[in-house]
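Shared between the two complexes below is chain A, which pairs with chain B and chain C, respectively.
Coming up: the complex of A and B.
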């Protein structure tokens, strides 16, 4: 069709444009240049020979996987950009009003404390911070309900097509158990899972450096010794000189400018990770990653598919002047209480700050951002909440009803687990096995499924008067397998 | 390219339901919307923004070409085209859609009226319709551009020259050409990557965040 041909060339032009300047582009060029020495590359058929060489080497596959995440989702030409970020108008409005509350809160914090949102550090302070970079833990400098309702949704009293007992009264498409069985066949009871049915072997995908194969492999769990490499392969997070240099640039930005959000990061780390038995040792790493993350403008790219909008301000008080507009913080993401828990488990896998940073940033722009923005995405927190409530209502209705009867809505218990993707609630080895599946299936849906039986677990333990009804002894993957497939 | 939409009048949707429209508490499940075109059009594309319509049927009133007296005929172009994969859930409920003539069962030529039959079988939604409806006509093809005369004359094949141990001139010229092409690409390719600066000329002093 004529339209399809035109669309294809536009898409190709977009891919080429995005590829230029990306690290993969220089990787491709380098490989192409090096392969010119090989005898099988002939001058007459240069283009075809180089293309087949790149295809065989797996680099092109990496490009495909990377572009899948980088390309803007396909849209209708009449659709405005905000429709691409989030198609439902009421969701956009809810996200916008939620953002406004956060901005107001940050502005009043700024005014009350008398601290500017951003300031250039004096030279003496810069020197001091450079010296203390590896021990910022010794240094020091805040989950509300948002009302979300579809105005076109018929929620009259009485029995309707959608009798839903839970808090989320939005009709999003979430999977039930038969559909989840189809989507997650690798979790079937007949398939062996790593961490449960272990045998030592080196996964061949590691030596082949095949990103898509690594993703498939990860669905049944990664062996501990290879998890770091596998995750980096799946996320295409490299540690080339360019990445290290980028990290050093961010570090320099931290030294030069002091931001108010740094205080939020310090508070968050002190209140969450530093208090955690598993993660307190990584306090310094967390600052090294999160302070740099706030200053990374490359993160702004993900706002094209995130329903959220980066906050903006004007420098030198020139409000309204286009050329003085800046994004605050530079990466557009305001950290919140618990944000550092997205980074903490990764500290077990990577000990070089630049490597840790690359992996975290990629995980954030692919998955974690969906846990704290209001959208209709199947991996978004709203869908996860709805799926959790539906699964619980359909498969453990007596428990759901009982909890409601005693005034304990199950979602209020499970919400904090889901927002943090269970970080800080499950033991680290179990958490990493769960995150293997997030990467393997490229979706946060498993988090919703995984929230069902901890509710049951908690309820059973509190019935038995257990002193600590926490989740740290829970073995998540076997329970998930039983829940889905038994 | 689609060009400009034609002028049309979109009539208000008429609900199809059994019983009294005013007093009944049930929501209608079918709406009919007519779009009247000023003059007969050969339709290339119909685009719209959905608002909770699950299925769409398109019928057109075609005027017969040549015979002015023959009555116009209603023809079905699209039957139960699915806009929402699951009528009970949000997916596709507020998306933008385009229907092209290639998808239609009959050629939508000489159309004077388009009838859109909207169906939403789910009782979950209070209302449903289509918004921002635009109809695009078929564009006339550009006339073929003439080939300049200096291109059309084909140069005769040259006789092969006698080389004495010298490299084949064709191979040499092709490799030089490729090198030249590479240098051209290097010169012309501009990196679109940002250099990552968040300040404006070294300044990043901010007072308050903006709400707009």
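Coming up: the complex of A and C.
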């Protein structure tokens, strides 16, 4: 019991320390000071009165929400830190094995191209980059070499898919339709959903700056004109001077050093976002966000609840010496093909790079990281795959059987949509409505449910012999509602 | 090349025809003979329309989708029966040639100033300061000198697709051009030589609205079925055309930066046809709403409506109104940083060639609905306010969404019946609106 108490006070001290620098803290202080003038605050019961006042005003609720995301998930006090990252041993092993392959690929790219992992830029190059900061997309593609071998390249295609009913043969707890109905009551057919923007009046949650209420509101979709503010509120992504300063520091880091992973980012942006009808205009913003993201060590905090482990690199000449290891890249996240699509839809909402950055970083450390690391989390990609297969098997078994029989495993089709949370596959307005629910329900589960329709849609189209259309005309939310509640 | 997706005639699911009691017995044709000089989406639309038969070469036709050249040569000598329709007005160039458009707008504005007041005239303040050359050369120089350092754009009046256009900041930049044009201020000289091509010199909009650092303009479609009285429809779809390169005033010579016509963009060195330099109007409207809020965007679209209406009113009395004629205009609009729309030009023959599958489908819908409005088949009552993706914008007066006027309640606030950039659920609407094609049953 004593140990628990000690642990608790350490945790509290950590939270207080972390909150001290945050805007929320100064807000809390200000409110507390101001409320002292109020008649209901009595000197004798100062502490209780102030506490109840803050509770009633909703600020405490915001602090709770904020803390919820900053704290590691509750676990057994005696559990080792690996358990917080991922409780199941076999999952940890799978993730570690996957990471090994990625690193091998990255290292061979490094040696084959003869490019260092990091390099300090000469002054002339720094100046040039500073001038071109707002139009990095004009860089000639030939200047940036990158060739990352597919980490799966030596994997035999030996999965005897036909002998299994589905590709994911793991028993994880995933929700079926009746359970989803309970979890997502706001999606029921009787609740109105926002699809077409028709509101001119500001939703009260915005004017009250209530983060928890905004999250609840988002479950039924956000009006186009207020989505940017609502998301920022839900994510507690502020644009205070300290945030802007942090972003400027990251920008300075980009100017000073060139990283090998930057080549991966350039290649990704050119191949994905720049070729997308909706997002090509935002090319420059993507570099401004992703290059800074790679250098942001604050992102390392999320590895305490991420099954992945940031790759380590040794300072030249000191291989093996623990004291000379650095995390590479500084934020511990190696970008991959399609990574920039996590950022692209946000460009639709936010203009100022520092604001865009805050929102993206928060979305990544809360949700997106789960889509490319192997874990048992219900929002993790493994669970989503399993849930998708189960939903299809249980509710559209003939379709599932047919697809498997013709060698078109449904998961192989749907996987790429889920990894990207549908970015680049759905039209922007539908995508944003889907992401409204990810934020509203604080879970990626909806991505699994939403994947069922496109499979059906594509299959029906191919039967009708039409050109296999892309998903850009699909209205996912209404279909999901019917699937769950009709 | 793009394959048309299965765009069949609208399938009906109703089992009984709704009564259409207020239609006078309009002569609907079960078979329409058409002529078409284009080989792009319009031909596909015509070919797939039930009951429409193509006429080659000489032969009687009921419907002609002609080009303006044919019109110029043949219109005056053609006799057309009452039901016949043709897709241009005889003197459309009053609106679609840059110099004439400006002339008509200036005249219209003066009329408004005089007859109604300056406030009303100010509503025509949507085109940049423009002068016709060579005739208004002196006026141009006066204005040019009054605003030193500003950028001007020179455009030939009758060419399209961005040809012959250039920017300049100094008068000496156009000296060369003057020589080439065999420019003469002496009227006597001009008479004997070949006619000098007419140009307009216009103040360049130096602060365009940028998205991702890029300039773009809007292409909007307006269908006019009559000038006297004026009846005009606005299509919900349209698109924004982006420049492939980031906007900057430092390079005036780089025409790729400043001109957003797809034809010019296609020749730019880093043009990637797969990239798609276009956004659908709905995408743009949503983007602007997300950035500026719905109120600001509604004001913007109201201002855009104003451009269409006033430009059409300015030529209403000049255009030879002929009941056989209708015309589909492609309006080019530019937004500036203050979200003010500017009229760049009006096209009588907007491009119907598609740049992508999505573009093809949009143009297909547009043309199909154009034919629905023209209504050779006699399926409409004439009282409709919406046909497919078209909303009736002006019918000898403004058209409002609600039929009941609120004037009785002491207020005159009404919402215009336009929905540019809004959801285009045309199939559903057409199903409810139209009788099946003559000779076809509801499926």
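Things to note:
The criterion applied here is as follows: the second predicted complex is superposed on the first by the 397 of 486 C-alpha atoms of A that agree within 3 Å, B and C clash if a C-alpha of one lies under 4 Å from a C-alpha of the other, contacts with A are read in each partner's own complex, and residues count from 1 in each chain.
Note that a residue touches a chain if its C-beta (ideal position, glycine included) is under 8 Å from a C-beta of that chain, and two chains touch if they have at least 3 such contacts.
Worth saying up front: this structure is predicted, and the values here are computed from it rather than measured.
By the touch criterion defined above, A:482 reaches neither chain B nor chain C.
Once the two complexes are overlaid on the shared chain, A:36 sits clear of chain B and of chain C alike. Contacts of A:113 after superposition: neither chain B nor chain C is touched.
In the superposed model, A:13 lies in contact with neither chain B nor chain C. Contact with chain B, but none with chain C, is seen for A:246 once the two complexes are overlaid on the shared chain. When the shared chain is aligned, no partner comes close enough to touch A:271: not chain B, not chain C.
Once the two complexes are overlaid on the shared chain, A:172 sits against chain B while remaining clear of chain C. Within the superposed three-chain model, A:282 lies in touch with chain C and out of touch with chain B [touch as defined at top]. If you count the residues of chain A touched by chain B and by chain C, you find the higher number for B. On chain B, the positions that touch chain A within their shared complex are 1-2, 27, 47, 49, 51-52, 85-86, 88-91, 93-98, 100, 102, 122-128, 132, 134, 171, 174-175, 178, 189-194, 196-200, 203-211.
Of all the residues in chain A, the ones that touch chain B in their complex are 1, 3, 6, 17-18, 20-22, 43-44, 46, 75-79, 83, 87-89, 100, 103-104, 106-107, 110-111, 116-120, 150-154, 160-162, 170-173, 246, 249, 253, 257, 295-298, 311-317, 319, 323-324, 326-328, 330, 376.
Listing the residues of chain C that touch chain A in their complex gives 3, 5-6, 211-214, 242, 245-246, 272, 274-279, 282-283, 286-287, 289-291, 293-295, 298, 356-358, 422-423. On the side of chain A, the complex with chain C involves touching residues 134-135, 137-138, 196-197, 199-200, 223-225, 227-228, 274-275, 277-278, 280-285, 347-349, 351, 427-429, 464, 466-467, 469.
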